[in-house]
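One chain, chain A, links the two complexes that follow: it is found with chain B in the first and with chain C in the second.
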Partner chain A sequence: MTDLATSTSAPVGTPAAPQRARSGRGRRVAVGLLAVVLLAVLWELVKLVVPDTGGHVLGASVLPRTDDVAMPHVWTIGQRMLEPETSAVGSPTVLSAMLQACWFTFRVALAGWVLGSVGGFLVALLMQRWTVAESALLPWVVLSQTVPLIALAPLVVGWGGRIHIGSFEWQRWMSVALIASYLAFFPVAVGALRGLQSPPAAQVELFRALAAGWSRTLLGLRLPASVPYLLPALRLGAATAVVGAIVAEVSTGTKGGIGRMIISYAQSASGDPAKPWGAIVGAAVLGLVAAGLVSLLGLGLGRYRHAEVS
Partner chain B sequence: MRDTRRTAWSVAALTVAGALALAGCGSSDDGDTPESTSDMSVDPLTPIKLQLQWFTQAQFAGYYAALDQGYYADEGLDVEIVEGGVDIVPQSVLADGSVDYAIAWVPKALASREQGAEITDVAQIFQKSGTLQVSFKDAGITTAADLKGKKVGNWGYGNEFELFAGITKADLDPATDVTLVQQQFDMNALLGNEIDAAQAMTYNEYAQLLESTNPATGELYTADDFNAIDWNDEGTAMLQDAIWANSEKLASDEEYQANTEKFIKASLKGWIYARDNPEKARDIVVAQGSQLGNSHQLWQTNEINKLIWPSPDGIGIIDEDAWKQTVDIALNTKNDQGATVITAEPSDDSYTNEYVEKALAALKDEGVDVTGTDFTPTDVTLEAGGK
Partner chain C sequence: MSTDAGTTTHSMAAPGAAAAVVARGIGKTFSSRSGEVTALDGIDLTVAAGEFVSLIGPSGCGKSTLLRLIGDLDQPSTGELRVFGKSAQAAREAQDYGIAFQQAGLLPWRDVAGNVELPLELHGVGKKERAARAAELLTLVGLEEFAGHFPHQLSGGMQQRVAIARALAERPSLLLMDEPFGALDEMTRERMQTELVRICAESGAAVVFVTHSIPEAVFLSERVVVMSPRPGRITAVVPVRIAGERTEGLREDSSFFAAVTAVREALHGSGAIPTGTARGVDLR
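Showing the complex of A and B:
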């Protein structure tokens, strides 16, 4: 295979290059952890500085209350996570219940992300192939994201509830995955389109001069060129898929996931304030993990990532 | 070079394969959904779906008890209980045909009827309203009239009309005489003294207050620390949890009519079980995966029982006076935006006692106590955080 597309890419790696990349990755992980610690410190600092009743300007509340009910100490939250959920016999700890819920939501979000990414990419291909399709579809793609999720969720559940094909019956989690895919689809469609259109005219013309067809140009030129655009889009898609899954769970009352857990735990927000925060921490970690996993995708695509844009 | 490319493809392929495998696993989770054990009977059971208004909790103990004790199966029904969510409107789900029955508050269901949902109240489970307006004792708010000049929390979204009717009845103007505050679903605003009176359900938010620690004493708050306005006493209570059925099918489908009677009968039996065995009913609900604590669920079971029993006419009968009061308030009380729940009298098929009467007769034949005349609530001690 000729390497026209990447002939202009970074110089052939010197032995030191992978080394540098690895230490850079290590530093990024360290910085990430530091950010988490900083957040915890900031939390405690706010608790210390802002009065318990919150900040008020002319009677209007501008800063939230910081008493132990509204903002429990970081260590209280940590400790609560290690205690059982309820006093029922055999009740799991908040942490294990949370991890289980995260795992459920993760799988649903993953299904949504895969569906959304494939869908988004196909739409991008369509729009790249025919300019008419781009003019026709792009406004709809943008418009699709202005429909509020909470308006959409009950509709999807309603439609899904009536689908019975043979022994196949639509499950609630499928509605959630569908809603997650709806959110993930947008960044991928837009990012992939930009990526596919990114090769400069000179390169496209060279392919044309060599009598390469559309599919040949796609495989040899456009796909490799789209990688730097696609990876950030996929990462963004993963984060939005997780958000979509969580919101859709809350919205539709789907059992088993972290979104549902946040709401059910919130019912003890006054009496057991550290408990709901445990679930919220779980949701945040889930988003980070999802985005982090997508970065792993980029590992094998290193040679295409010379000019990543986000 | 070729190596990198191959790695790229394998990573991509692995990810996709993994994703599909994991997504496939998702379907194995539906073992959670309650299903009655139907293998024993010879006749196939009729599948029935019941839509709740909220997550699994003791508010729906009777239906879970009926499922657990096999009362539905005894009637030849295979009932699936579908949990609600924040944006799930049970009466809409019922009207669009996704489920067979739904649990909903009467005023909200009446509003949906006016928007075209063809549904009928076939059994009024809760005879009393469970809504309170709670305040700290030192605020001295014991009647609706005392709310004058106070910051009053309410949930909005159609949950506020008993409060507005109470305020109006006390000759106050909801728009000018009280400061209305949109309240969250926890009680932190009241505990933090941001509002003077907070909306609370006897079986949920009020319990949350009693599960919270009083920073002044380090102990839990007690009922002595609070005043509560009970809308049943103020005369502006509206009917709440009822079983709703699809009006169209009720009018034309004979099988559905028969199922409705059976479904009501088994559900009532479940509620009677919850009355006589509150602790067992609580255990059934907890086993269904409620994430609320044990003492909270027992409190809730007990409070729900108080809303149902005693039912002098028999559980589930729609009391004409209570219905009329609900409709009157729904028709005439304006909220702070000047809106009423409904704009015209509901049509005749908005409720019927036909099926619940048949169900009650059948239960009486079985020798079941359907009125609960000598029902006495138990005393439930709440633990910190409701654990």
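Showing the complex of A and C:
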């Protein structure tokens, strides 16, 4: 009797599922855009309510100053982005310079993300395969993230500078990508390990009973089971790769990217307060775009995502 | 259907190639923090080819452990175990048996047909042949209309039937089942039992079936092996002599009740377990 009840309702659920997913995706995009608008409104609201000199309680400053130098109007920032970068003849607009810098950083971050994801996944495989490797490596994986990037950057640049293999020469951007990969590596390694270890004992024993070796079990069971863990980890890895690339650009002094742009624009903050915000907006959008692009990876993997964790 | 239990169980003669399972002096100890725990001790058991044998006993009597040893999911500490004349490991690698446990253990990202095809796919059977076999098996378990559904769209009973179809995929000559109907409601459970009897008759496979329901054991088996806990031992082997086919009508039959009484007495009457401690045995 119970079977009949589900059998009649089940076919109805099948075609409805993708439709629901699509409208859910549409709603998520709408909510995301709304959040951006809300942020702009909040920004203007703070400017309106908090006095120009900032909020003070008993003489101690608790809220930042809100004058036009510290917090330019949203529309001023927007307008500034459409104006030329400098007064020099033929200077590009802030927006186009920013987009160009973003494109540079994006490519470097992408290289770092790929490198970090592959590395993180391989480390997770190693840890899944041998328990000894897990107990030996996992503390180091966690420890690796406590080393400040700024301390690491000069080391990587120094080591890279000594690499000359044939006609290959270490480029500055490679140091940046390597540092970005160092950040992306962590969430992927941890997420992939959790995912690979996620199949319940019943399924693992089934594969054993079917005389499937480690690699067969990996491809047939552990890998598909890790998808709901891996996708959020890769998304997080993309965002951290962007942050890593920006910080690494600054600390290695690499030219051409958005990180360097933030620093150089900040120097003109007192005279041209809206200009540095253009670069900051660019960096934020870049992180969102990177994470969004990784989400696209999950589109074709619907059937593996029945229990996604984030 | 009745087998001569006396000779098959207790003959210590060299097992013929036909015997599905031969266990001699099997013991299993687990080491835990509080010392060694003896799960099984001195198990002697022979299951003939095509025979349906149930293992019954209170929780902790080692019946599931014994099944896991036969399936090479665990190794015995002492004794010798032969499955179709081979070691348990060789039998596992040769895919001589199929398993179905309490948890259906279906892969949620595969549809029903994909789950049934899994063993065949792992062993390199071609796509066409796989599809044909899956269709055949789904018809056998009455789920041919659900081939394209995913496990979460099925009820517990249907999932369990998919798991049984999967266990049968490679035409194993031995089925190892650990309370496969344990999580089902009574009505579904009885229907599944009837179906299992039919499926086994059609496939001719031997079955080692772990349960703690006396009527289930009696309805399904040709012999019921009664076990006692701490350490797990076989206390009695009750032959179930039932003439004719095992269908729904059997549940109302006097020979059925007689066998249920015999198993119950074997469970409670054996000196090893005082009546009050036979927990985990339900008398449904």
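We take it that the second predicted complex is superposed on the first by the 297 of 310 C-alpha atoms of A that agree within 3 Å, B and C clash if a C-alpha of one lies under 4 Å from a C-alpha of the other, contacts with A are read in each partner's own complex, and residues count from 1 in each chain.
By our rule, a residue touches a chain if its C-beta (ideal position, glycine included) is under 8 Å from a C-beta of that chain, and two chains touch if they have at least 3 such contacts.
Predicted, not measured: the structure shown is a model, and the values here were computed from it.
S.K.: Once the shared chain is lined up, is A:L210 touching chain B (first), chain C (second), both, or neither of them?
M.R.: A:L210 sits against chain C, while chain B stays out of touch.
S.K.: Let me test your reading of the model: by the given contact rule, A:R303 touches which partner, first (chain B), second (chain C), both or neither?
M.R.: both
S.K.: What is the contact status of A:L126 with respect to chain B (first) and chain C (second): first, second, both, or neither?
M.R.: neither
S.K.: In the overlay, work out which of chain B or chain C sits against more residues of chain A.
M.R.: B
S.K.: Just checking: does A:G253 make contact with chain B only, chain C only, both, or neither of them? Give me first, second, both or neither.
M.R.: first
S.K.: Does the superposition put A:P200 against chain B (first), chain C (second), both, or neither?
M.R.: Second partner only.
S.K.: Under the stated touch criterion, which partner chain does A:V289 make contact with: chain B (first), chain C (second), both, or neither?
M.R.: It touches nothing on chain B or chain C.
S.K.: Look at A:G220 in the shared chain and tell me whether it touches chain B only, chain C only, both, or neither; answer first, second, both or neither.
M.R.: second
S.K.: Counting only touches as set out at the top, which of chain B and chain C does A:V50 meet: first, second, both, neither?
M.R.: Touch partners of A:V50: none, neither chain B nor chain C.
S.K.: If you lay the two complexes on top of each other, which residues of chain A touch chain B in one and chain C in the other?
M.R.: Touching chain B in the first complex and chain C in the second, residues 3, 303-304 of chain A appear in both lists.
S.K.: How about chain C: which of its residues touch chain A in the complex?
M.R.: Contacts found on chain C: 71-73, 92-95, 97-99, 101, 103-105, 107-109, 118-119, 121-123, 145-146, 149-150, 152-158, 185, 187-188.
S.K.: Which positions of chain A touch chain B when the two form their complex?
M.R.: Within the complex, chain A touches chain B at residues 3, 53, 61, 65, 67, 69-70, 85-88, 97, 104, 107-108, 110-111, 113-114, 150, 153-154, 157-158, 161-162, 171, 173, 177, 249-256, 260-261, 263-272, 275, 296-297, 299-304.
S.K.: Mind listing the chain B positions that touch chain A in their complex?
M.R.: These residues of chain B touch chain A: 1, 4-5, 7-12, 15-16, 19-20, 22-23, 25-27, 29-30, 32, 54-55, 83-89, 92-93, 96-99, 185-188, 191-194, 204, 208-209, 211-213, 215, 286, 289-296, 383-387.
S.K.: Name, in rising order, each residue of chain A that touches chain C in their complex.
M.R.: 1-3, 5-7, 10-11, 13-14, 200, 202-203, 205-212, 216, 220-221, 224-225, 227, 303-304, 306-307
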